[in-house]
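Structures incoming, each one as structure tokens.
Across the two complexes that follow, chain A remains constant while its partner is chain B and subsequently chain C.
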Partner chain A sequence: MSSQKKKNFQIEAFKHRVVVDPKYADRTWKILEHAIHEIYNHNASGLSFEELYRNAYNMVLHKFGEKLYSGLVSTMTLHLKQIAASVEASQGSLFLEELNRNWAEHTKALQMIRDILMYMDRTFIPSTRKTPVHELGLNLWRDNIIRASNIQTRLKETLLETVQKERNGEVINRSLMRNIVKMLMDLGPSVYQQDFEKPFLDVSGNFYRSESQQFIECCDCGNYLKKAEKRLNEEIERVSNYLDAQSEVKITNVVEKEMIESQMTRLVHMENSGLVNMIVDDKYDDLGRIYNLFRRVPNGLMLIRDVMNSHIRERGKQLVTDPERVKDPVEFVQCLLDEKAKHDKIVNLAFNSDKTFQNALNSSFEYFINLNVRSPEFISLFVDDKLRRGLKGASEEDVEIILDKVMVLFRYLQEKDVFEKYYKQHLAKRLLSGRSVSEDAERSLILKLKTECGYQFTSKLEGMFTDMKTSHDTMQGFYEAMGRALANGPILSVQVLTTGSWPTQSIPACNLPHEILTVCERFKTYYLGTHNGRRLTWQTNMGSADIKATFSGGKKHELNVSTYQMCVLMLFNNVDQLSYKEIEQAVEIPTVELKRCLQSLACAKGKNVLRKEPMSKDVSENDSFFFNESFSSKLYKVKIGTVAAQKESEPEKQETRQRVEEDRKPQIEAAIVRIMKARRVLDHNNIVAEVTKQLQSRFLANPIVIKKRIESLIEREFLERDREDRKLYRYLA
Partner chain B sequence: MKKEDTVKLISAEGFEFVIDKNAAMVSQTIRNMLTSPGGFAETEHREVTFPEISTTILEKICQYFYWSLQYASGKETEFYIEPEMTLELMMAANYLHT
Partner chain C sequence: MSFSKTIMLRNYDGETFVVDEVVAVEPQTIEHMIEDGCANTSIPLPNITSKILSKVIEHCKKHVETPNSNEKDAKADLKSFDFDFVKADQGTLFDLILAVNYLNIKGLLDLIYQTIADMIKGKTPEEEEEMRRVNAWVFSCFVGVTCLYFKSKKI
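Moving on to the complex of A and B:
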């Protein structure tokens, strides 16, 4: 400002000057206009910033802001029109480069202009609500260059063409693309979206739609997915190379929609290469790819899951209902285990251990394993087989692994009590015949069952082990007490079994041979002498015996037979021939058992210590039996098994089934009473639901059976029906 | 003090003040003069002439620049302004955007 008299504190001096020079404004603007031209012509180095700034400052201060602003707009527009002309004139591929170069110059010039006009930016523009200089410069650029009719379409098409070239594998100038795209973004998000992103997405959509059509006609599922994955990664890379980061989601959505979602069903069900084939052929890479790609689209994973589910169910159903497989329980369970391992591996390797897939897998297995009512029996048989011989030589860890796998299958069972029943039978056989390979393994499995189903489930199984232990001690005590008295008789080994813990049947004892009977009586006396108030019953159907026999030529063999077989064979100590009737009378073994036992003694090849007339496979009541003098075997010890099917025969199965049903009744009743005690009043459907839930860990309760139990409880006056609402039950204390 | 780190401010009467560039940049206007792209004369020569600011005022302004730096770094002292100087100083401050 001009210097003033020191004590004059008024601001009059400004007006003074304005009035003095009417041409002041025009003159000053000329200077500034000239400067702007020079800036655009790269001649700024000669200009004095201070002078320009001061002039602009004074113009604003002297109320010529409007003139300054409109002057700026028209001057800048003039220059931009020239630039537009030169950009338009550029040839072919140089177009983008020309545009980019001019943009760089414009931004630089704009920066300088804004600096010298800073005072206007600071005071005049906010008070008159005009666009600030920088923004003004961008807007003018947008309107005069980018949106100029000859440039707008050309720019859009050039950009899209370049992208297309890159998609076709050509090398493009990425940094140039990045600069141009950056320019569009600098001009405001709306410019970027409107002038580039939207058409870009449209064109991409068309491109991928037709490409996916083309691929799906000529590629198998695996290859198609590889291509789709590649395209997707290319687009992501493109965004990171030269597009706005916000475009990533949009463009990947386009690719996902066109290449995956619209072809999803067709891909999954593609013949010879679809999802099912991948699963069957263990194509982990392809499966992983399909998982990662389908995860991106809505319902994609659900589709995979459903297809996998129905495939496993179908396959599992075939497996469990295949009459060939059902013949060999061990093989059957091994198949299930293999199947489980295979699909577990797929879920873990390819499906990212996805929880929903694991659940789907589990529900599928649960579904088809329970399709076959014999599954519980077979699983128990499998364990039986493993514990009898399969685990010999296997290390402790291996044993654990196998048992853990079996437990997984066990968890799928709905009728766990049936399993328990069979397991008890098989365990009893193992324990009584001393055939269990490892007690540790036995106990470990019981522990697993206990953690899975609770104390109740295994208490009887544990009782069996205790019985074995006490019996051992009892036998030692017995022989110590008897001392020499028994030295010449047969050696007796008694296992005292607690009633209830073991799967005993009340079968009338057969007639034991005299020699054995004496020892048995002695033991009975001894046992009852040490334990008061107990009752001993002989379970002759469960024992076994080792007997020595001499055949023609003095050949001696030790025969390992069942108690029944022993009884029969002992008869032949005195005579060489007996008819069926005679045998039956002598031993009083139940008919079925006797036939079975004779069959194994007379008909099994290499073990036929008896001879039968007439020779045939089956035993009939008119047959006669002879001592087979000419029996021979390479081995000294001969084990004569009973011809008992390893799995149960049809009537046995029925019987077991019935016992299971019988055992369920009290459990269902207990559950009903427990629930009613807590609830007091409850309607029928809720009781059924709660009972089912409570018993789920053991078996699937049948609603009809539950209803019958409720009726029985009403009869016994544990419950009563509500007088008004017949569906309501009340608990009677 | 290196030559590149200084700047010369010249008053209406022709007095030259050589001060730190940092100090001079307290003024937004001077900062723009020195940093604007494209090379104005001031940027090239690192010297600015103020034909409308008297020596006394410019001296006071230079003092203010240094005081302001100190104040910004936490040294809170008073900056004394003679009353008769106030008006001119205010106008200069507006001009320099300080």
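Moving on to the complex of A and C:
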């Protein structure tokens, strides 16, 4: 660029002549030819731009454009051949440098030449559709240098060698590489692709193929992945630094294919370090890495998901069928919650909270939780434990957290109606014994169940709460009304339970002690006086009592016992010893209950207010019982009642299951009728499918049972079979 | 106080014109000459007369000094200037074409071509023939270029 010099004032006279003779064209061309030589020989400073421009302008103007153009081509080609020879002759590492230097000079020269010949570029070339000067310069370079037979191969090999050196850890001249690559791109993307990119990708493929073989033999899964990730990042960095951006996707595909896709299965199943081990040991980094690498290859994530799924299902199956675990329901459920939490954390931390993985997790849990038919019962017991004492002193938030986690497990249950049955039983016991930690927590859980399953599911449960409240008010009214008359008698607290809502069994009442009976009758009269058309039955199997007992040495204790236990103990007010048979006759309690009752009074350590002979763990019908004078306890109030909910015994379990099955029959029938009423005519398979779908939220309907119900409905003339097609049913209005 | 760089242009008659660099680079040809380092002393323009060169410089100056805004005033001002500028006789106009073509000043080139196109549009075939004869040389040289121009501007 011109410097800030003071300009001289010069006045010169010039003659302007317009001549058309052919010798003129030759002379003019000679001037320009000379100029081009000088430019290539770095002697441009001696030239006058304006003069050259004017000469070119005149040639074109006088229709010698063709001569000018072809002259340009041959002159440039001449120089380029010289350059090619010089580049070929360069030794070893100087090859690229020579090439790069000459390229830089050529581009500079080209620009100058183009500026001088600008007029031709603007006018002659478009009208004759020839290649413009700049592009011409590039093409000539490409054909005479890059594609020269001695240079083409050598260039490719040198470039690939350099990349390989860098992959082996050597430091290379990156800016030189960048310039050469840019040169190839300037010559046209196809030049870059043919002369460099394609061989680059091939060689890289081979390199990574053998490297992956090497690594897989000597590395464990975690380390292999680290190496693969490192190589991948290296390649990306290489492209951004000195290759063309279009190569990024192509080279990463190569690395992904050779290092990841081809070894995918082997990595995942690697002993002691594969996917399963990572999951079991909570290796979040490794898991995150495997997720990020595998998502780049087709089916990578699917492989991870499948392996994870089968692992969880296997593990879960072991958990729920392990006889040791099954002994403690609360522990059992806690284990499930822990498993869920652990795997949730893995999906969230390492797998990017990927929805497909969350779904896979859910389906696996649903699968194995339902493998154990007692899962609904156990979950209810877990909740019972928490609501009776586990959540004591916990903040509202903590309560919500635990209940929400339980709801997650609840959703997995296929037999939700079984859960409902047990939940009702356990809730009843909690309410009646006043053992619930917080009514708010109870209500919160019921609300969650209602949101999940609908009003029907929880209406009876809510009824139970209502009964408790109403009974409280009733008792207040009772004592206000009776007041004086009951001052000296036992204090009664009655809960009036609406039959449909509570899990009651119709067991006949036992024989209550006289004092109790009196006040009970009084209540009955009072209640029936204020409520018409109702019938009350005492549920002696569900009550409890607090009695004051005096032992030897004047020691007094308050005993909290069940109603049955109270009846038995009151017998000892009159005598000190009773045989089993005598007791049985007096109280009329069913055998199983009686045995359990006596067991808890005589055989439990620290609570043996009775003595049994002979001393043994179980109660037999030949035993005798004595009032235990020497009973002692540190506490004044002693709890002996067996009111807490427990895991059911075998026979009890069978009974509950039977009742659940019985309850399902009408539900199935109702569903069948609903469907047939809407569809009028339907074939067997479709009915079964529809019924199953409708009842899915409560339980999994058994096709055999459905079939039986259909037949029963046919008998009762709700449906009929089609005369021709035995598989078709019709609704009878 | 800042120096604005100036360029000297010498024309056919030997006269020199001192011009601000910013104005001088409006013609692309001159811009290239400066870039390629040929403007140390002054730039010779032997095939342009004083009359034409001064008109060209005047036009370049005006366009450089007018700020490149979308204001209606500035645009209207420029438009009226251009309108007056081409109110010259045919001879001058054709000399202008040659100079502007040589110097490669796009804006001015478009303006003049449009003017000539308008002139031709209005003429009968006889008048057109007359125009051609008088300016035969110009037409013969520029036929290719002007055809291209006319084609692209779709008169």
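In this section, the second predicted complex is superposed on the first by the 654 of 733 C-alpha atoms of A that agree within 3 Å, B and C clash if a C-alpha of one lies under 4 Å from a C-alpha of the other, contacts with A are read in each partner's own complex, and residues count from 1 in each chain.
Everything below uses one rule, namely that a contact is a pair of C-beta atoms (placed from the backbone, for glycine too) under 8 Å apart; a residue touches a chain by one contact, two chains touch by 3 or more.
Computed from a predicted model, the values in this text were never measured in an experiment.
Asker: Can A:K108 be said to touch chain B (first), chain C (second), both, or neither?
Answerer: A:K108: touches chain B, not chain C.
Asker: Return first, second, both or neither, reflecting whether A:G46 touches chain B, chain C, both chains, or no partner chain.
Answerer: A:G46 contacts chain B only, not chain C.
Asker: Answer with first, second, both or neither: which of chain B and chain C does A:M118 touch in the superposed model?
Answerer: both
Asker: Once chain A of both complexes is superposed, is A:Y57 in touch with chain B (first), chain C (second), both, or neither?
Answerer: both
Asker: Once the shared chain is lined up, is A:P126 touching chain B (first), chain C (second), both, or neither of them?
Answerer: second
Asker: Using the touch definition from the top, say if A:L635 reaches chain B (first), chain C (second), both or neither.
Answerer: neither
Asker: Identify the residues of chain A that lie in both the chain B contact region and the chain C contact region.
Answerer: Residues 1-2, 4, 7, 9, 44-45, 47-50, 53-54, 57, 112, 115-116, 118-119, 122, which sit in both footprints.
Asker: Would you tell me which residues of chain C are touching chain A in their complex?
Answerer: Of all residues in chain C, those touching chain A are 3, 5-6, 8, 10, 12, 14-16, 18, 28-29, 32-47, 102, 104, 141, 144-145, 148.
Asker: For the complex, which residues does chain A have touching chain B?
Answerer: 1-4, 6-7, 9, 39, 42, 44-50, 53-54, 57, 108-109, 111-112, 115-116, 118-119, 122
Asker: In their shared complex, at which residues does chain A touch chain C?
Answerer: Result: residues 1-2, 4-5, 7-16, 44-45, 47-51, 53-54, 57, 61, 112, 115-116, 118-119, 122-123, 126-127 of chain A touch chain C.
Asker: What residues on chain B touch chain A, complex-wise?
Answerer: 12, 28-29, 32-33, 36-44, 48-52, 54, 84, 87-88, 91-92, 95, 97
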